[in-house]
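Chain lettering (A, B, C and D) follows the sequence in which the chains are written, and residue indices restart at 1 in each chain.
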Amino acid sequence: MTTADLAAAAPTDRAEHHYELLRQMLRIRRFEERCVQLYSATKIRGFLHLYIGEEAVAAGAMAALTPADAIVSTYREHGHALARGIAMHSVMAEMYGKATGCSRGRGGSMHLFDAATRFYGGNAIVGGGLPLAVGLALADQMADRPVVTACFFGDGAVAEGEFHECLNLAALWHLPVLFCCENNLYAMGTRIDRAHAVTNLAARAAAYGLSAVDVDGMDVLAVETQTRAAAEFVRAGHGPYFLEFRTYRYRAHSMYDPDRYREKAEIAQWQQHDPIDALVRRMRGDAELDDDALARLDAEIAAEIDAAVQAAEEAPLEPIEDLTRFVYAESRSHDG
Amino acid sequence: MPSLGADMESGVLLEWLVHPGDRVRKGDIVAVVDTAKAAVEVECFDTGVIERLLVEPGTRVPVGTALAMIATVPDPALHQARVTGAGPAGEPAQAAGRTAVPVTSPLVRQLAAERHIDLGSVPGTGPGGRVTRADLQAAARVVPEAPPVPDGARVRASPLARRLATELGVDLGTVAGHGPGDTVDAEDVRRAAAERLDRRSTAGLPSTADRASAMRTQIASLMARSKREIPHYYLTETVDLAAAMTWLRARNRELPVPGRLVPAALLLKAAALAIRAVPDLNGFVVDGQFTRAEAVHLGVAISLRGGGLVAPAIHDADRLALTELMAKLKDLVLRTRAGRLRRAELSDPTITVSNLGEQGVESILGVIYPPQVALVGFGTVSDRPWAIDGLLGVRPLVTVSLAADHRVTDGASGARYLLAIRQLLQRPEEL
Amino acid sequence: MKPEDMDRLIRTALREVAPDADLAQLGADADLREALGLDSLDFLRVVELLSQRTGHRIDEEDYPRLATITSATTFLSDRAAVR
Amino acid sequence: MADTTYREAIREAIREAMRRDERVFLMGEDVGPYGGAFGVSLGLLEEFGPERIRDTPLSESAFVGAGIGAALGGMRPIVEVMTVNFSLLALDQIINNAATLLHMSGGQFAVPLVIRMTTGAGRQLAAQHSHSLEGWYAHIPGLRILAPATVADARGMLWPALRCPDPVLIFEYGGLYNASGELDGGAAVDIDTAAVRRPGSDVTIIGYGGTLSTSLTAADRLADDGIDAEVVDLRTLRPLDDATLLDSVRRTHRAVIVDEGWRSGSLSAEISARITEQAFYDLDAPVARVCSAEVPIPYARHMEQAALPQPAGVVAAVRAALGRSDG
């Protein structure tokens, strides 16, 4: 569906589409809320970075991409993974460290991978995924494939050298990369204005010769619309595009973070603009959603999560004899 | 008194091999000492003149006791060394007849203490005969020739040397080190093992007589059974060894002494190879049934010095190169006389060779070792008259004999075997 | 090396190879192989030891000169002098 | 048979690979019109064009990472990094991505990438162009590390490296680019085993890359002394070919490792440890090492030479191991 198709869509199609965006955002939020419980119950260990508050970006952006496109993500990637279509039970099993996880228990929360959906991983080095995205796009360009590589990263990555090297390289070579910066205002506990002399990130990207815009990241429809337009631009061979999504995470940086660097009032203020509430209000206003439908959606998602948890509980652990598998390829003839 | 084992506390001086006034060189054997295990020769670590013997033969003294005084050549008054394994570190050197210890620097004294070197024993080349660091280093190179290993101290030895020492049953404490940093290396252990075997009988093992008598009984029973059960037939053949001996001398000129071949090696190889012509001489009769052996494990009759006889096997003798066979033979004789044979060597022979000719007899008509079926004898190799091309000449000859089991083969087969041996010995280069 | 040193060196080698032999009774001109019952391997070992300890090469042609202690002493002393 | 330089051998290997497989391309700083910092890619631009002989900005992290991404995307990139010192700017991509992605993705994403770089001293390039850090990379599971020491290996290692689904780092020894040797065709070689370059029985000298010739020179001098040294060329620094190494040491009972890297925490330390772990009871002397002095490589020739492993040092180490040192 192109931008024009979407604008011209019939009301029922539009309602279904909105419902789907809502469903994705709710899946992400409820999934992560369950993850917090499971973490407290020590079912999930390690680092757990929550996306709650930022769901509109993942749900909106993924809706604008095609299955052939590639995704490179960060360690706060549950939302991207679920919205991209990695099965929830596979993501949950990975959080459990089970053999049925999407990375066979070797990645955990920060490193979800899925070849089927071209999901090239949660990358837990800030900025580390950008060169990969540039290279994936280079391969597509050299093979003349009309494919976009969407690369997600946060405002923290903009401070890294790799960011600047990669924007320059992508612009220089007109590579089909969609840079998706999720500016949630904090790099861990450092507020953006304490880390950056110029806080308008889109403006900085533009300095490298990229097309760059900032987007209300709390509005899923705005996210989707802008991403769709940017992806079309990129896919048409005009070079990379930079999207700065202004968003906010309600939860602390990770489960270890006491969240001492910001006022509760600031969080409450952003929650006034909650992307899920906003879409529900809008759909009710347009008679696209009623209480029954919402209740059904909640129940359906709760069931999906219950099933994922149960499956993860019951799933086998990777046998320890396989510990050293996948350090090197198991066959030399790799010509796929 | 040198420490010749980690558990040695004292030793009996058995014999002096030197007298006062004798000149000795580093490495000379100067005395024989009896430890609990064996009589052991004592090397001297210095070059010089024996000044005084301090211990009478027959006396037991603790490890570390000075046995003799050696005056080093340039200035006997100043440079004296003790023939001992040095006392405990730091013990003041004060053997009789000693003049003042030379003045040295603190560094040299410290180094000497660390290396357990008796400063009084080190010839000084510095001002006023002072011992310098270089002197000390020179001395340090000498001392480990027979490392004085205090009781329970750890011997510096390479891992391979340790493994070999365990395998060969060598006490590392008795081995002089020549490896890096004067550690004991594999070569040192091998040498020590070989020397210990040479020496073993000097210790006068108390069990020798018992062992000999037990062996006598065993031989008696085996030979009686052979004569009772096996219908022997005998054949002899005289073989011209001129070609073989000429070839052997030429070959030996190229070989280092330890690798040299003896005529017996040629004879054994020929006996083993000739089996291919008559394989029925190689095998066993068990319960009246003959079983031919595939491999040729050549039994070699070896007489023991204390009396008695053992005939252990050289495995696959027909497939060994001459030099290999020679090495195996030497090893086998050494181990046989040291009583260190392996079980398989005693049970495996498929045919036996008696080389009694070594003792000078002209021919042997032997008794077969049951359950084997043949015994080959080689007489002495001696120059005798021999007709060559119608003329009488003098050639080195050997009389080869065969005792064989008539139940398995007939005289014709036996004759073929002896002829094969003769032919093989005419082409020594192919052996 | 003095003749008596050479004599001692030869006797030491013989004692190592034939530890049971009574060397004290061994005459200086007795045939060693006969008197001590040395076989060819024993004799080779004696040659090895003498060669090793004196540092002289001993060829097979020289073996007859090692027949007795006297002849061996003379032979080895000659060799030492040549060097 | 033709006489070829190490540089030409690498160039021919790249040329052949690019002709055989259109997914192969070369990317790095000044690989195009300039011909590569060490002249390896000279002339390739004319044959293959700027798409496949691709100059990059001075952005090691970006272009090495882009190589990883392109490999994930189905290409077979050869990334040239000028020197191992510069590769430190791309360390994040090499260690955190190239080496981990296959494992971290549970076997889903292999990275069939080749990274070539120059290593080693000897050319008075001082402390930021001369270091031998290949041993660091050899520490990393997931990477394969090659060190061609001969013209034949320079010619033959690239193709199997490109066919390998794992990231392969090839360390070209800078001092060898002008070395020449006979090349018998362009046969691919195996990239898994060490090679005995000179058989011997008294001691095993283990070298690789630039230290192979040091080791062979030392072995020649030792031969004059009656010491028969075996020389083993590691060829593959990771995974190490333990079997060849241990087989040699078990025969010679002594080992001397020659490594231009520093001794502390090094590849030489690793090899020494493996020998003592697996062949302890075959050793007749402590394992010895001849490594670079523990200084940043200095500029002045006499100091630089003094800092590097030299044949004389190897000879001395071997003699000491044989207990033949002169005091």
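Methods note: a contact is a pair of C-beta atoms (placed from the backbone, for glycine too) under 8 Å apart; a residue touches a chain by one contact, two chains touch by 3 or more.
Fair warning: this is a prediction, and the values are worked out from it, not measured in the lab.
Colleague: Which chain has the mean of its C-alpha atoms lying nearest to the mean of all protein C-alpha atoms shown?
Modeller: That would be chain D.
Colleague: Quick one: report the Å distance separating chain A from chain C, using the average Cα coordinate of each chain.
Modeller: That pair's centroid distance is 94 Å.
Colleague: Quick one: report the Å distance separating chain B from chain C, using the average Cα coordinate of each chain.
Modeller: Computed value for the inter-centroid distance: 16 Å.
Colleague: Centroid of chain A to centroid of chain B, CA atoms only: how many Å?
Modeller: Taking the average C-alpha coordinate of chain A and of chain B, the gap between them is 82 Å.
Colleague: Compute the distance, rounded to whole Å, between the mean C-alpha positions of chain C and chain D.
Modeller: Each chain reduced to its C-alpha mean, chain C and chain D end up 59 Å apart.
Colleague: Can you name every chain pair that touches?
Modeller: Result for touching pairs of chains: A-D, B-C, B-D.
Colleague: Help me check something: in the complex, which residues belonging to chain B touch chain D?
Modeller: Per the touch definition, chain B meets chain D at residues 137, 141, 158-163, 178-183, 185-187.
Colleague: Would you pull the chain B residues touching chain C in the complex into a rising list?
Modeller: Result: residues 17, 29, 41, 195, 198-202, 249, 252-253, 257-258, 260, 262-264, 305-306, 329-330, 333, 355, 358-360 of chain B touch chain C.
Colleague: Tell me, which parts of chain C touch chain B in their complex?
Modeller: Those in contact with chain B are residues 8, 12, 15-20, 34, 37, 39-41, 44-45, 47-48, 51-52, 57-61.
Colleague: Would you mind writing out the residues of chain D in touch with chain A in their complex?
Modeller: Answer in residue numbers: 25, 51, 56-57, 59, 61-75, 77, 92-93, 96-97, 101-110, 112, 141-142, 144, 163-166, 239.
Colleague: Note which residues of chain A are touching chain D in the complex, please.
Modeller: 70, 72, 101-107, 111, 113-115, 120-121, 123, 125, 128, 130-140, 142-143, 149, 161-162, 165-166, 168-169, 172, 325-335
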